[in-house]
């Protein structure tokens, strides 16, 4: 039986502990290693991803200005992750919260997808209603109000499995390659299909299901956006495995590297999952699919500022291990830490610049700068890899050749390991090993998935950003600049209204 | 006889033409190619640098919101280059104006040094007065008021020639290796020494002379800051030569590449130059020299956002030449333009992020973020070189092998040149040649000096930024983050007040 | 009881199978996960590293010209890994064999350390004998003859654990931080200490123990080189764990990525291990320690050509997955494969250039070019990371979010996984998953240890190569070239005998 | 009247002086700055390019083994630049000579085009004759014999001006956009058209005219290869201008940076230029055009090893200026010199690897490895730019802001310049200025054209190398490697004959 996330006894979540308890006793159909998981909260491999989300609540208690807002719907304090941004400053604060959570967890804390999803929907539903006389926008506000009341976690589900990528959704041999409406009733719609590598779905309360790309008229049934509770009937989750994932199940606390926090991705399969009318925010309006996707990616590419927080941890780890190895004063070591910082701050700077340069949409909701958001994310597809490489450089070969925790703690062998892996006198071997395992975790292990691979592919692979940069780069304007200076064209002839990116560049 | 820049007939400068006229008939001691220059305004090699400054006035007429402000001292509209920034927004608007001027001139427009100099002095004099009970701050405001009245160009003079770099100023065998007080009278001081590669000095009205680095007590006589008119008695200017400089003197308009605009650097030699007491803003307060230098470089490193405007021109030139060559549709061409844009926007984004993240000083004047300003400038020491390389890639070999303008215009030979250098039908050969010459100008020629070499060394060479990044990177904070996640330290033990850079990162 | 590797029933090893059998029933003291391993050959986590060495034998059968030679000692065909190189061609053939084995195994096949060790010893012992009238060279030849007779695997043990890196061996508080002579008898010496991250030790028959760095007179007892059987009394091995190592123990064949081959590193602890006089090749000759280390690293840095073979596999995997995803025709995909190839071939080219430019030592044994070997290895510390990053780019996010093999093979859930993870029609989902797991294996998993981290640190970390390049770059010669062209010095004055690197550059 | 380069009084050239004299009194139709040049040898702007070629002769006297060979045709010693390479060793020696000449001249010495042209023709004519029963090969040998007799300089002319690049030669509106046969007589053919940016044509004795790309049957008249004397009737040369070219005409010796040596490019226009039958080496054999072009570029891309010699000079210059500035001991300075060296040696290593891995053609003439030659040249399109950037970093801002030589030598002003631009005590200001001017020369000035722009575009622009790398990378072979290791395909099924690049990789 499905537990209703909004039953009579549901209370507003305040602390991380409240949140963890809210996830208990749900009737989810989750598979991992070919077995059904009874209670996700207690599964050692899943728990770290839940802890990461719990920290978003605890941070809101410790630093309410940073990580919470007063809900315009309820007048009560809620997580900033549930906030519709109404100013550039609001967007910058998202970034600052993201960096802090990256620092505190050293991993992906999984709440940005949902946040960026309803923010994009906020303006898109407004413009859909304006164009088509629909009522999606008020439905969305009603949905958000409910989320605010309970201070729930909202996830987003976007990336279809896609099948043959050269075919449109309606052309696929198997119609389920993209999530679509399989059935309609008076009360709502039933959707089928699957979303791949969904971040933070199982530990959310609701998911916003959205199309993954531009759609044509023949794809109408694929133009569906709606909210579903995570425990909705018909959903199967297959938990994605990660590098070194089973170390969590070995019983120790060292070899995991980061024993508390981790990310989570799963394949989410929808088999005739019901969405009631009031929680449908797009239905057949295929012509708005690309607007939704573009706004979402614009927000989301800038959300990768979080990686600068994770990078702070890795820079700190590299500095620690250099000190434990006794080489922290070498000029090349110092210089590599500077280089890591230079790269890491570039991610931060380009991300917040996109937020600061944001502009209002018709709905009043702010949207960040498209060009700079893409510039930020594009750096994220490279710089964490280089920061990781430098961390391995400073870490030394032991990062990948150390004996296991069980050897370290072995009554006899452990003595030898501790004797021989001792670095500088003021640190214990266990401290040194823990620091090396953290570097392993972030460059090869479980959190390398979030810090590297997800940095590459989340919010669109590198080429997706290059396409967007190409679209926004306004070559005609730049060509005219060059023609004037080369003496080919008069400056007067070159006068023109600025548009797009350069309009924002020169906005006062 | 020295022309007094503020004589009875001096009028407020409004247009570029006013400005150019204001530079006429001055009695300057300038050498170029071993000869004294009578009238700089009419010298074909010098004029382009004057034109670039003139454009700062004309832009203020065409786009007053972008390039001018209302003076708080006079209540009249003046150049934004004379403005003391009282908000982060003010600093961002400097950046936007800088990018626009880079776009309009394709070169260094030379006014940022002075702007960044009096902005740093504004807060430093305030804090000096507070500490030492001096009156520098009101003197500076009085100076600025005068500058605002006439809407003058203020240059800055900072970089001493330095002699043996392993010795402090007072240790040098020749005391003139750093500018210093050579004599004192009741009315003021007399300074001697020389400043190397001073940008935009000859075409300024006043120069702010400042020390170049941290000073000790024994360097007291070197701790002198003051304003001098450009035509002050005792100053000798030796004009620096640039790559391809003499093409301006060949009489044509094509081979120069950018026939209108160029930069200017000169060596400025002070031989007992008088500064009256009211225009002295530091005298012996050696302990404030490093604060002044650091604030100046913080502003100035972020001012290199101008290069993104110059980069826009070069990207435009590359796009034009690709089209003229008929290859604009090739995927690798498009991709290289995207790459150039990605790099160019990174300069812009990191620069404005430094401005947006600025904070108030005690004086009320805003100061941009130190870390991000250094991150910006550090990219500027590399990215323009790569953008230039890609422009040469798209330009093709002709960039460096074309016949001269005189051959192109030759009655017989010119016919052959035009026939054989024809590209795509819709462009004339002259247009193609002009575009190639612009690329040459910006990657090898006169404006390569500003776009490349000055990008490297202006506001401090790469290592200077790395040192500042190293100072600001707050490793101890990051090390604690890693220790907590590695399980070495409790999160509770790690609680601490944020300071420095991270305080600003998490400022709300 | 120690099994004597050369007992009466010992036979010459020919095939991989012979080799694997030769490793059975040895009495080794090996720990892994806190437990003693009875039979390494059958341990699923260890076996892949044994298979990789076995392939060196099987290749010698399939391609004898590439992977074997005729022993000058026995006149019989033996592995090329046992060959003393007597020409530049011999060194190039090592590189070609290394690339092929990288291609065939996709991992580190672990035999280069030993090969490079006895090659360096060959010339160093020759020169030691010449200098000190010792007999090390003939002892070494005798040792090699024995190895040739049985066609054994010889490993090398060099990297001491080092303790406090700011102290010399004899200054360490704990004398065991570097392997040293603990006791002497008439028959030989007893050594104690430990070597960290030793590649391919447990699956060797003999190990050559060598000092790790330049030694001084006070370090005499650390100047010990000798051969010990792997099963010598007193040795304890602690197996190093690797990213995703336990997947080998899960029972499947998919999630391991590369189910057959892997690398191996262990900590080797010597507790009074005996070396008989006839197998001692340096004893107290501290002044030759640096020569030995330098020659070894020169050979070994160039041996990293193997990574170009591993890179071939990863490029192939990236090309396969692009095809399976249906995007192999996109221009950016093709371009990334070209970029991976460009980088990969740079490793190969710089490595073989070092071999081709080798020169004879006094012993007749050839030594490769020091500068170019360092240039090669220095690229290896970066390029595989970039190739790996690009492979992840082409692989897509699934590389790190796929369900486990057990889910894939699950009777019910497996059907869904297979349905939804289907790519292009002509490939099965299992094939696609296998290819993605191979990419994971090489970029995050078990063989990422060899392809990335070992590429960084094996044969010396990046700074070690920069130091060697700095030593060999002959700035004085280059400074003279510039002085002549700048007109500061006459060409005649500049005439000088070439030495070092440039002597080899201009060798005819 | 045309001077016959082989008139009765023609003597074999031995020394540089002989060579310079051989260029006097020729009746060439050369334009520069709209004027006809009477005597190229004495023109200050042209002379440096002649000096660079003269050094190829003088080197052959000083180091005959390196820079000369015994002609197989005449039995006499001739320049190595005239040698047909009959072994891999021969090709490596070309590279070594190229590096040495780069070191001695700091510029492009212009003889590689011709050398690479007749080497490609040697094998292509052999195979043409074999296919078509023609006699081109013996004609070519006869031509070479004549060249050997007089030890002449042979240039190559390949790059057509191309017009609209989307059209084939025969489709161009103006047939002259590609050099073609305009007329035929019994004695030979007459060609018309133009070749752009021809290196070292005016200072050659003969030019080999070749097609620039793959041709189709309709382009038959464009499939013409032949030798013409430089002073042939009907040729017009228009000298290309270079950055800072006119400094040579200012009368000094400092501001030129490298006062002795420079490169040369010109546009060569053919107006019915006669080629006698005996010196025609292809006529209408369009199907061999691409083979010729590919072999030429394979040789020529590897010939860019010369840039490592030029790089040696720039590294030396950077090291000198660091010392003159007194900062040579700073760790970041040393590290940048190491980085420059690492890049520079990569060019060298990849180039010689291509030569060492060469293979014989049917004609007996050796051809270098295609893949590695392209890898080498592709690095050359980037690394010199980075080396140049680092040289500017070490040089400091003065590289681009120094007063002119005339100011430096001025009786009054010069004293000030010398006083204020003094660096470390043991160097004079003039020495420091000379070194800075050399860096300017190589990074912005005249020799930047050769070191940078020509490195980019000579022998094909970057994309041309990527296309060749893409063709040679043998993805199918690599895909099979990955399939075997991923468990998709049996190793046995994967057995196949190696071909192309990998055949050479594994050649023994």
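Labels A, B, C and D are assigned to the chains in the order they are written; within every chain, residues are numbered from 1.
Definition applied: contacts are C-beta pairs under 8 Å (C-beta built on N, C-alpha and C of every residue); 3 or more make two chains touch, one makes a residue touch a chain.
Keep in mind that this is a model prediction, so the values were computed, not measured.
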Subject >> Steps needed, at minimum, to go from chain A to chain C via contacts >> reply: 1
**OP:** Since chain B and chain D are copies that touch, just let me know if over half of their interface numbering is common to both, same, or not, different.
**Re:** same
**OP:** Could you see whether A-B or B-C has the larger number of C-beta contact pairs?
**Re:** A-B
Original post:
By CA centroid distance, what chain is farthest from chain A?
Top reply: D
Original post:
Between chain A and chain B, what is the separation of their C-alpha centroids in Å?
Top reply: 40
Subject >> Where chain B and chain C are represented by their mean Cα positions, the distance between them in whole Å >> reply: 52
Subject >> Contacts with two or more other chains, residues of chain A listed in rising order >> reply: 332, 335, 466
Subject >> Touching residues (chain side chain A, partner chain C) in the complex >> reply: 31-35, 159, 161, 163-166, 173-174, 176-177, 194, 196-197, 236, 238-244, 246-247, 250, 255, 265-267, 269, 325-327, 330, 332, 381-382, 385-386, 389, 392-393, 396-404, 406-407, 409-410, 413, 416-417, 419-425, 440, 444-445, 448-449, 452-454, 456-458, 461-463, 466
Original post:
Which part of chain B faces chain A closely enough to touch in the complex?
Top reply: 65-66, 92-93, 96, 99-100, 103-106, 253-254, 257-261, 312-317, 319-320, 323, 334-335, 337-338, 341-342, 345-346, 348-350, 352-354, 356-357, 371-372, 375-376, 378-379, 431, 434-435, 437-438, 466, 469-470, 473, 475, 477-483, 485-488, 491, 505-506, 508
Original post:
Where on chain A does chain D make contact in their complex?
Top reply: 331-332, 335
